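Next come two complexes, and both contain chain A; in the first it sits with chain B, in the second with chain C.
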Partner chain A sequence: MLQELRTTGSPGITIISDSVLLPGRDLLLSFILASLQRGEQLHVIAFDVSREDFFAGFPGEFASRVTFHDGFSDPLGWESDPSAFTRDDFTVTSIMKRVGRPELPVTIVLDSLSWILARIPLTSVCHTLLGLTAAPHEGCGKLRMLALLHGDLHSPALLGSLSTVVDTFLDVRGSGEHLHVCVRHRRKTGKVISSGEELRILDTFALDIMMHRDSATRKENEVDPTKDLTFNLRLSDTERERKESAALPYVFSSNKKSSLLSSSSSSSAKIYYDPDPADDVDDEDPDDDLDV
Partner chain B sequence: MEGLPQCTALRAGCSKMAAPSNQGVNCREMSAGTETSFRRKVRGKLPAIRGTRPSVHNGQLLLSTGVPSLDHVLGGGLAVGTLLLIEEDTYSTYSNLLLKYFLAEGVVNGHEIYIASASEDPANILKDLPAPLTDEMPKPDDRKSEKQTSGFTEDPQETMKIAWRYQNMAKVESLPMSSTRFGHYYDISKTISPEMLQTAKSHSFYWPGTFLNQEDSLLCSSCEMTCDYYRLLESIQRVIHEGGYDGSNPQKRQKNILRIGIQSLGSVLWGDDICSSEHPQNLHSLTRFLYALRGLLRTSLSTCVITVPAHLIQNKAIMLRVRNLSDTVVGLESFIGSEKETNPLYKDYHGLLHVHQVPRLNSLTCDASDTKDLAFKLKRKLFAIERLHLPPDLSDTVSRLSKQDLAGSAKLLSSGCGTAAAGEKHLDF
Partner chain C sequence: MFPELNSLLGGGTVQQGKVTLVAARRTDGNFLLHHFLSSYLRAGCNVCFLGLVQSFSHYNIIAQKLGVNLVLARGEGRLVFLEGLRSCTDLLFGKKEDGDTNPLRFLRCRDGSDLRPLYDFVCASLAPPSGGSWRCPVLIVDDVGVLLSLGATAAQVLDFMQYCRAHVCCKHKGNVLCLIRGDSEDEENELVMKSLWHQSNLVLQAEGLPTGFCKDVHGQLTITWRAAAAGERDRAELYQYKIQDKSVSFFARGLSAAVL
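Here is the complex of A and B:
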């Protein structure tokens, strides 16, 4: 699932949520490289790291194809450097002005979204994100968005609201030496696919998926709904034997019937009927009119 | 209460439903004194509007939600002038679908449609409406074969041996009814035909779109996005008034119904912060809106369906108020991503349906379904709400031998009776 999302590129907004202990920057770089390998144009808006830090460890042949927007060195616009990216620049029009009208498909990388969320209210951030990705823009088609989010900085409520807006949510969680990533991807049709994957990021920023667990494979360890009942639904062998041997009072079993038959044939029990003189006996066969 | 239309807000408190019948009833003149003054009490004749029918319980004019089994659960349908609140499932997959069914039912019946959304362009929602299955209803035979494959035994005599009284119970799961005018089935793999869409009159309200058109787009881009549903309310009010649904501007022609669908009300995209903080700044804006909206609906020939991301609303008091302000409240709980997905108890279903509230309209009782355990499943051509039950246990461990014996003896018994009646053999008992 993750590999597929990385190579084909998921449409819309992808968010990588990490924490202090488990940084997701490597995963972000891996997705960035995959997008460059697909030949897309890439715009990085960096708030958390400087230009030097961002390109440190970045494969040289790709670094030239990244357009870097610096939001780190002058976040408040004090030096009035026109190329600097400030808080007020985070609008659809301003970002589209920087992107221009390229021929190639465009991916915008936000490093990180947490910086913006700390300064701009969630509602307008969501509108900007949707405004950038939902509708196709003039000149260039639909944009893709890739954002790093420090999940431990925000309340679960904010993360929940944000995840309703985004299309793909990658939650980086730790488990031992490998990264454990929970993937939740919503297709355009509204179908939601979720999976959990354990992976290693190689030196070339390729992903090495160690374990893959999605909802289909999870079905194997299904739970038994009759487990915690206060009564017993299953019978043991002895119980079943006893149940079958028990004679029910009002059930007409075959041996009961045969016993009745045998007794009626052998015994001398008879019904004597003494007609009452007042009886109005009708000699006619009551079923005469029927063709029996 | 500033900024709200006062008259409608006042009327919201009035509990009497907007009776579309009031104008057209009792116009029969009393003729001269030759007649007795006693008259049979005639129930108000409801206007014949396509896609509606009177309720058998309280005489309200009902319309279909687009899902016949949901209609059944809610006591026949949605009363005109009421508000159905759908609490969204986690990824709002199924709540959006229900909203689309509701709107598609309106298109099929020629009702006027109003769509409001903040996340999706209403034009896209309209285009994505499912296509109605008008010609081919699922035949009973199909259903029978379906049952066979899913392992039910066919013979009704044998299905219920001990609890035979239950055979006469009404079934909640509402298989396709024969009526074609009220409630349709839809094929979600196909979208509705453009010709059909053109015949339906529709209005839409797109939150970001309307906002950007204002001169204060600068304001919108930065921080102070005002959270007020005032514009939405104003827009609904205008549509209701211009369409003559409130009776102020009498509909000369055929009376029609306005179906209002609002998607994900209260979510972040509406500019509301109730989803992201427990102590939001605009604590009352949603409830104010609903209060005024209810007033509008009560006095007009319109019905509204709202989906709300209830699982995201942090302050539970808000959710309680929102529920109280709605007439019918239904919650969806999908199994996607939850551990119930793998539970064999739920393997036939896609989620649970919780009916939180059913309105009491002009009566002391409501037509609530008698069971609380409802589940829904989605097939290509059917969104069905059923009573949740365990699937039949078909494993070998179940003892079924005794059943065969019983069946055999029953046959013997009946044959015995038959021969006795013919008088050839001795009586069996």
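Here is the complex of A and C:
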């Protein structure tokens, strides 16, 4: 699924969550290059890295097609640099002003979202992200958003809230030589698909998927607990008919009642009494033997 | 300067535009700081040292052991030393007028004032001389966590460090080195440490031995070279060390001379 998301472009907001030991910057770059290969216009808003650091190792033929907004050098306006992207510029209006009215589809890259989340409340950040991506904008249609997030700098509660807001959440976990990425993607219909993929990033920044395991595959691999039962949980039609027609022995149905009544009327009942010869029955005092 | 550490780090201490983080957990990582301070001064760099933990004489005594005279360097203008302990007491107990120029004057404000005065001090200290020869500027902070203890928030400390990176590393192609002592119980301290880790090019993590105190092995050092460009991967090496009077010896895990 990761390959598909990369090639076709995930709609809405995509977040790549990494940590100190497992950096996700190469995966971000892979998605950036895929976006450029699709012919999209790319705007990078960088708070974590300088322009030189961002373009270090970036393929030269694509660098000229990236519009870089410098949020690193003067994010708080201390240097009064008019070209700097400051914390206060992180609004829908300000970003759309910088994006303008391009002819091509636009992808905005945030490097990183953690910087913004440390300085702006989560609700405002979510409003801005959704404001940018949810509705088409006049003159440039719908935007895509791609953000790097340092997951180890935030609480699990914040990450959980964020993952419900965004469309695609890629969690870089990794082990050994290969990266292990947990993908959680929400389709237009609202259906959420999750999968785990093991991959390596090639020198060309293409993805080489080594192992793919999605939720459907997991279901197939799961053992059916009803498989080896000694009794049957389901009934066939004939079995159901037989079951319904069978009369239970202790249920007093109307049929049973009538059959009992008819049998009692046809045959006459009689009580035979055979007194014990040792009994001494006194007709005048029947309770004589009680010794009262 | 410790030659063994220099060779482990691949030779030259001075690399253009690099950020080095020294993280110390359950041990004292000051020997790394003294190594870098003496290395930078020997290499002829202009150093701004924000000493928030110890007095100037403390650093000077150790630097003399390593063959560097801080008093001389300060006299020649190659070292600007901010003595945090003295600045704090001057600010809190001195005249009010003097406090208006104190780099740590954010201490007086209780309205969440930022660390801009401290940043202005760093810029002024590392400003290129008008006629003299220009050398690589270096900022050393000992230790970043103290700013948190003084009342600054994690975001303010990180903003300060980001501006220092932008000014020293990007604008003047110098070096920034900061030390932070790890404390897993202090959430803000951990947040600052991890954030700085994300931004560093080289991370030296000194830790006490997980098995406890040992007379012949004083701790272990993990050196992490972070990916410098896209397509590269982080590389880490682990050594154990023993601090001696004027040097530090490094060896692979379990290969201490006392064991073999």
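Here, the second predicted complex is superposed on the first by the 221 of 292 C-alpha atoms of A that agree within 3 Å, B and C clash if a C-alpha of one lies under 4 Å from a C-alpha of the other, contacts with A are read in each partner's own complex, and residues count from 1 in each chain.
Throughout what follows, a residue touches a chain if its C-beta (ideal position, glycine included) is under 8 Å from a C-beta of that chain, and two chains touch if they have at least 3 such contacts.
Note that this is a predicted model, so its numbers are computed, not measured.
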Checklist entry - Touch check for A:Leu153: first (chain B), second (chain C), both, or neither? => result second
Checklist entry - Should A:Asp203 be classified as contacting the first partner (chain B), the second (chain C), both, or neither? => result second
Next on the checklist: On the A-aligned overlay, A:Leu122 touches which partner chain: chain B = first, chain C = second, or both, or neither?
Outcome noted: first
Next on the checklist: Per the contact definition in the header, classify A:Lys227: touching chain B only (first), chain C only (second), both, or neither.
Outcome noted: neither
Next on the checklist: For A:Val165 in the superposed arrangement: first (chain B), second (chain C), both or neither?
Outcome noted: first
Checklist entry - Per the overlay, which chain contacts more chain A residues, chain B or chain C? => result B
Checklist entry - After superposition on the shared chain, which partner residues are touched by A:Lys270: those of chain B (first), chain C (second), both, or neither? => result neither
Checklist entry - Can A:Pro23 be said to touch chain B (first), chain C (second), both, or neither? => result second
Checklist entry - Who does A:Phe58 touch here: chain B (first), chain C (second), both, or neither? => result second
Checklist outcome for this item: The residues of chain A that touch chain C in their complex are 20-21, 23, 25-26, 29, 48, 50, 52, 56-58, 72-76, 78, 114, 118-119, 150, 152-153, 201, 203, 205
Checklist entry - Within the complex, which stretch of chain B touches chain A? => result 91-93, 96-97, 119, 121, 208, 220-223, 225, 227, 264, 267-269, 271-273, 275-278, 309, 311-312, 314, 336-337, 339, 341-345, 390, 397, 399, 401-402, 405-406, 408-410, 412-413, 416, 426-429
Next on the checklist: Using the touch definition from the top, list the residues of chain A that touch chain B in their complex.
Outcome noted: 88, 91-93, 120-124, 126-128, 130-131, 135, 155, 157-158, 160-162, 164-165, 184, 186, 190-192, 194, 215, 218-219, 221-225, 234-235, 240, 243-244, 251-254, 257, 260-261, 264-265
Checklist entry - What part of chain C is in contact with chain A in the complex they form? => result 17, 114, 116, 119, 154-155, 158-159, 162-163, 166, 169-170, 191, 194-195, 197-199, 226-232, 234
